[in-house]
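Two complexes come next, and they have one chain in common, chain A, joined by chain B in the first and chain C in the second.
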Partner chain A sequence: MEPLTWTGSFGSIIDPVFQLVGLLFIVAVAAQFIGAYVFAPINDEVHVDGTITRDRGANAIIGTAVRSLLLALCALAAIYIVAGVFAPIGKVGIIGAVAKQFAPVWIALVATFLLSISYKRRLGLYGKLFDSTVGMIGYALLMFWVYTALFVGVFDMIAVNDPLTQLSGMKNKLPGTPLRSVEEGQYAYYLLGGDNLARDVFSRMVHGSVVVILIAPLATLFAFMVGITLGLPAGYLGGKLDTFLSFLANLVLAFPVILLFYLLVTPEIVATGIPNYMAMILFVFPIIFFAVLLNSRFYTRPHLRNPLLAGVMLVMIWTYLCAISAEGTVINILPPTLDLFDIDSGILVVFVSVVFVNSPTVFRIVRGLVLDIHTRDYVAAAQTRGEGKWYIMLWEMLPNARGPLIVDFCLRIGYTTILLGTLGFFGLGLESESPNWGNTINDGRKLLAIYPHPALVPALSLLSLVLGLNLLADGLREESLRD
Partner chain B sequence: MSKMADYEGPILEIDRLSISFFTRLREIPAVMDFSVRVMPGEAVGLVGESGCGKSTVALGVMQDLGKNGKVVGGSIKFKGRDLSEMSEEELRDVRGNEIAMIYQEPMASLNPAMKIGKQLMEVPMIHEGVSKEEAYSRALEVVTDVRLPDPERMLNSYPHQLSGGQQQRIVIAMALMSKPALLILDEPTTALDVTVEAAVVELVKDLGKKYGTSMLFISHNLGLVLETCDRLCVMYSGEAVERGSIEDVFDDMQHPYTQALFRSIPLPGADKNARPLVAIPGNFPLPHERPPGCNFGPRCDYFEEGRCDAQDIPMVNVHGFERHSTRCLKSEEIDWNAPITVGEQKEKAPIGEVVLKMDNLKKYYEVAANALFGGGETKVVKANETLSFEAHESETLAIVGESGCGKSTFAKVLMGLETATEGKILLDGGEIQDTAIQARDTKTVADVQMVFQNPFDTLNPSMTVGRQIMRALEIFGIGENEAGRRKRMLELLDLVKLPRAFADRMPRQLSGGQKQRVGIARAFAGGARIVVADEPVSALDVSVQAAVTDLLMEIQREEKTTLLFISHDLSIVRYLSDRVMVMYLGHVVEMGTTDQVFSPPYHPYTEALLSAVPIADTSVEKEHIVLEGDIPSAMNPPPGCPFQTRCRWKSEVPGGLCEKEVPPVRMLEGEHQVKCHLADDILARMTPVIKIAAE
Partner chain C sequence: MGLFILRRFGMMLLTALCLTYIVFFMTNLYPNLEKLAKTQGNFRMSEEAVDSYLGDRGYLQATPIKYMQWLGVMPGFSKELEDGRIVGKCVRPGVAPEDTPRYCGILQGDWGFSTVSKAPVADVLGSRLANTGKLMFWVMVVMVPSALIIGVLAGMKEGSRTDRSLSTVSILSTSTPEYVSGVIFIALLASTRNGLGPWLHDMGLIEAKSLFKGTAKSAMDDANLRNFTLPVITIALYGMGYIARMTRASMAEVMTAQYIRTARLKGVSFRNVVMKHALRNALIAPFTVIMLQFPWLLNGVVIVEFLFAYNGFGMQLVTAAGNNDIEMLLAVSVVSVFVVLVTQLISDIGYVYLNPRIRIS
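For the complex of A and B:
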């Protein structure tokens, strides 16, 4: 079989057009940059009847040109994707074939956007996100990877080969190389080439997304639980508690992160069970958080509080015990019949380290926000009607600190993603053959000069996901400040 | 850079100006068809409630509307030149050089990282390119002009080292550095205390005369405008509704809104029975929901359907006056001198038993000199000093004083957020001074509740109105179940005259006055018997103030509540209180019935406070007393009498007694008590501060 080219036979018609439009776009952007200095600025004139005329200077024309060229570029890119999805494999080359594999993701994305945009006025802050172009781009990038992880992890779609299988003769092969011998039901190509152990780069990339999308938000969520549960009393009660907790936070922040990771994953340290004990402590915080949250709100209504609290606590404590207890580790308290799941020890170490280094920062943000909100009259009003401390912290203050916290949450998932990549890159935590992006980048690094594709593909994936999260955070921040 | 050439004719001429803000949903007209003229040396007041567009006009003059704002019609001419036709460079020249602006918050106008002197010197150095030495001497001159003590030290200090009043004087000095032709003052004294405000206002007035500067004075306070301005323009919902000289507008108003505005503010000289407050019904229309025709129509007593809402109302000149115009079709038909139709007067509930008794209450704070290591000597802040009084059922006791006088500390101790250092608080005979709020039983907590000052802060922004009231009911153990509490919550909304639909609204959907009503409903959720109202109306617009005040008094009548009304606004205090307690630096300096406190003999501080209150009535004559300096810090109070540093009667006390000893509490006639060394014959010599001229 012939190896696939990037755009296949379809590309021979459309590629030149794409290149021409791209070139024009670059020229137009340059012209816009220079024009801003040379020509007169654009003026809007408002008339008495409420209409606005924008004058037609040189800058206005260049601006229109840039916009329409950008639109044309996007349209052309969309044509590649649509053609790829519908044409047979090979007609639109590698791009087409990859687009075809991602078909469920496209459908899910389009559906999400159509639904969200049509109901955006009723969706609060989430709806306002669709008023900001930057936010929409960020959200699209994020959801692309979320849907990819979902379809790969749950439905086993998208990926074409097993991420761990090595096929003979595919070592370091370029993108689009066909398999030597295609068996029944096997995909005929390594779409994005093979790595130095002859594994499918494309499949490893999409499988890697599952690890990131699973761990990053969850670890960030846990870091927030720890940070909020400690930051609220530190800010609100102050005094010795605040001094002590802030000092602790500074201590953790002052320790070099990478060194900390190296220490945590050293086999000797793992053998002592320190990561398990840390998990034991860190995983308690969500339980404390929800117990206090519900109790402070509903203690005046025991009939509602008692069953509610009992139910929630039962589920949470059981989950907690399942999570910390695993056979073969220092903590093995739950009998195997009750232990529903075990967390892989490598993932546990990564998880614990990420939560551990992120929570002091969250702690400080929450503490600062609480110090600010502390002076509001509604807090004083709650105090004068004799509310408990935790009710004031969790129900009066926390909801009003949500804006900055949501933005920080998005940014922090980005940091966590990078942190996971870094950990993988240093081979910390997860097994070396795991398809996560950090590991694959490290694997590909060795032959980067000769075969860049095994490292480039996961690197670009990591970039796009973190970029998406940062843009989303920007969009959210901007939209939450408006109106 | 030089100034623009001298120009004969109006300094500022705004002609049919319309300004709109563009949001993602719609265009919001902020100012419509607004015209005003400021002649050289003239001070023009711009009065209106918040949201009426008066600040937008000022920003329009500065051509600083942000990227959402646009002038959509009309013109702003400064010295005959259209500002919208000027280039960026020309505008930069005009701003700060020809037009200077003073904002409400002085700290926001000063660079906290730069010494005062440097900030002042920058102005002539940038605009006129003068040398450093000359700039310094100019700065020194101006600082002396704004009557700041020790000008050289002032120039060498950072903004945070000065008090609020001093900062505002520096801002004024900065505005005057370049000798501008036009000074725009946007609520310049709202953030200051009354006595400091009076001094700043006087300063602005004198400087205006000295420098011959024209002024555009933006304020919501009619009394202030009366004291400072020559002419006045009343705005309502984006439009000028009445324009004319101070005398014409105050005495011969020609627009129903102006009239309603005057009727809704209490005048300290007037009797509450002869001249009751009349609240303006309804709410200020949102900018995008303005009614057709006259904007004031739906709230106007003289509204005529089919006429007032038929077409846009033009501004017309009033016959028989010079430069007096109004935006009312019926101005000639309305009998402007008709007496106020007094509504049904409800009899006040008789004052009952003593509910609350304070006996020699003291509250001291210890402040460590070194907060980080806790070492060093500790300083004692005496926030409350020997507070003794009794409050009866159905009584309104007003607590008057400026910031730092200890009224908030007193409220905290009463509520149980702090415990007393010494002395007793007796609630129904039981001592509660040492019981913190957590240790108090539900009944005590529910009995003593508070209404807060800032309506935008008093409600939790992320909880519905109904939920917040229901939470209070829950805490006070009222109602058997959710349904019962919901029913009670709706009744409470009825009590404060809010529609029941508001239960499911978020606080941001409510106006300031409505939020304050919810705050009142919440305070009365547990059937409070003592309500501490901490400046409950001072942050509200005048037209809403009257309504909220009336509501509080009506609830008091029904529930026989003891109202502790904390305020610095003597007009409203006189209007609603039975007894008044004046505080200064933690001391009660004067206490008595309202009539006793508001008529001589006064404590010297009360006298100054009364004189400082701006009164929006041309027939009132005030004795002019301006207090020198600022309120001393409670950390470092003066020895002897707390007020001796600013007292104008000090010389009348022999032997420098004021500086040595804290005066004892003296009983005058009735229950009137005064903390002053002045001899009886001198007290007897005092004359009333506020006099109403015979008509």
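For the complex of A and C:
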């Protein structure tokens, strides 16, 4: 079989058009940049009767050109994808074949956007996101990876080969190389090439997204639970508690992250069970948070509170015990019949260390926010009403601090993704054959100058996910400031 | 002010003590000591051999006692082996037993002995720090001016096209961690088979097959554009976006201030308003951010030195941690804690100095 080219026979018609439009776009952007200093600024004239005369000067024309060229570029990119999804494999080359594999993701993305945009006025802050272009681009990038992880992890769709299988003769092969001997039901190509152990780069990349999408948001959520549960009282009550907690937070923050990882995430430390003890402590915080949250609100109504609190606590404590207890580790307290799930020790230690690194920063942010809104009128009103201090913290202050916290949550997921990549890059934590992006970059970097594709593919994936999260945070910040 | 600095120094000392004790505790856990014994002795040591090796060298004492010895407030452990050799904390190869001091800790100025490089920690780390200092210097030279220029240009007219495009650039740079940008740079600019290098070579513009070098090994003795550009811009790029965004926010805030409006209404030109009225006040916040950026840069340094095989402080951290080189790791953590806390102190003092509205009582 012939190896696939990047755009196949379809590309021979449309590639030149694409290149031409791209070139024109670059020229137009350059012209716009220079024009802003050379020509008169765009000046729409407003008349007395309320009508506006649109400026027809050079800058306005260049601006229109840039916009329409950008639209044309996007349309052409969409044509590649649509053609790839519907044409047979090989007709639109590698890009088409990859687009075809991602078909469920495209459908889910389009559906999400259509639904969200049509109901955006009823969806609060989430709906407002669709008023900002930057926010929408970020959200699209994020959801692309979320759906990819979902379809790969749950339905086993997108990936074409097993991420760990090594096929003979595929070592370091370039993107689009066909397999030597295709068996029944096997995909005939390595779409993005093979790595130095002859594994499929494309399948490893999409499988890697599952690890990231699973760990990063969850770890960030736990870090927020820890940070909020400790930061609220530190900021509101102050005193010795604040001094002590702030000292601890500064202590952890003074550690260089990589040294901390090297101290925590080695097989020797895992053998001592320290990560398990840390998990035991860190996983308690969500339970404390929800117990205090519900109790402070409903303690005046014992008939509602008692069953509610008992139910929630039962579920949470059981989940907690399942999470920390695992056979063969230092904490093995739950009998096997009650132990619903075990967390893989590699994932646990990575998870715990990432939560540990992130929580002090969240603590400092929450504490700062609380100090800021301490003197607001609604806090004084609640104090005058005689509300409890936990009620004030959790039901008056926290909802009013949500804007910055949501924005920071998005940014922090991105940072956590970077941390996970760093761990993988140094070969710490997860086993070395794991398809997560950090490990794959580390594998690929040794032959980078000769075969760049095994490292570039996960590197660009990680970049796009983090970029998506940062753009999303930027869009959210803009929209939440508009309130 | 004097009292403030004194208090901060006290805090620094306490933090450094706590942190080194944590590092000490973690590196002295038994599995780590076992690894140390096996890498120093041989890998097929029996459990008894490991125990006697560790016991002879004082590793099996209680952790607080060992910590005191490392600090130099307790006499260092020493023991005479059956074959007459003397081993212990203060024993150094080439120093006669009668010259060996009783105390050898930080307080005596002795940073210990690296079990991996077989040399005193201070000697090894000193040269490594000099290498990293060179790297950091050039990173600062590249990063700070470009970040400030981008930030000021973007914040000058909030919401303008320049602002939006420069903000996008800075978001892009904050979302590119060093190991991603480094990989991309090497693949595009330092490869003899792909990317820009062969292309420029064919056009006859450059002599070598690649534009830059993919390793910075030769940069330790002789740093030039070819072997040092990539490591420097890789670190600078990630930090740049953050500083630029902070500068932009600060600049945009200053530009909405009353006194700027007054100046504009008085008929001062836009250029003069920016250069003479806004800039100085807008640069107070970025100064703090740049100072607080140092600990972050330390991470970048570790990644980049590892990626480009540059033998500096970061590389030393990785080798020391990988081999459980206890005293080296402790020295590394002392240095990094020192960097973090001193930069915090400088940022606080500088903030007070630059901003006359704040006075520490």
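The criterion applied here is as follows: the second predicted complex is superposed on the first by the 480 of 483 C-alpha atoms of A that agree within 3 Å, B and C clash if a C-alpha of one lies under 4 Å from a C-alpha of the other, contacts with A are read in each partner's own complex, and residues count from 1 in each chain.
The definition used in the following text is that contacts are C-beta pairs under 8 Å (C-beta built on N, C-alpha and C of every residue); 3 or more make two chains touch, one makes a residue touch a chain.
Remember, it's a predicted structure, so these values are computed and weren't measured experimentally.
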Partner chain(s) touched by A:319 [first = chain B, second = chain C, both, neither]: neither
First, second, both or neither for A:5, with chain B first and chain C second: neither
First, second, both or neither for A:332, with chain B first and chain C second: neither
First (chain B), second (chain C), both or neither touched by A:166: neither
First, second, both or neither for A:480, with chain B first and chain C second: neither
Which partner, chain B or chain C, touches more chain A residues: C
First (chain B), second (chain C), both or neither touched by A:301: first
Touched partner set for A:414, first chain B, second chain C, both or neither: second
First (chain B), second (chain C), both or neither touched by A:116: neither
Of all residues in chain C, those that touch chain A in their complex: 15, 18-19, 23, 26-27, 29-32, 34-35, 161-162, 167-168, 171-172, 174-177, 179-180, 183-184, 186-187, 190-195, 210, 214, 295, 298-299, 302-303, 306-307, 314, 317-318, 321-322, 324, 329, 332-333, 336-337, 340-341
Residues of chain B touching chain A in the complex: 18, 20, 23-24, 27, 70-73, 415-417, 437-438, 440, 442, 445-446, 448-450, 452-454, 457-463, 472, 474-477, 519, 522, 526
Of all residues in chain A, those that touch chain C in their complex: 32, 36, 134, 247, 250-251, 253-259, 262-264, 266, 268-269, 271-272, 274, 414, 418, 421-422, 425-426, 438, 441, 444-445, 448-450, 452, 455-456, 459-460, 462-463, 466-467, 469-471, 474
Interfacial residue positions of chain A with respect to chain B in the complex: 44, 46-48, 50, 131, 300-301, 376-378, 380-381, 383-387, 395-396, 399-400, 402, 482-483
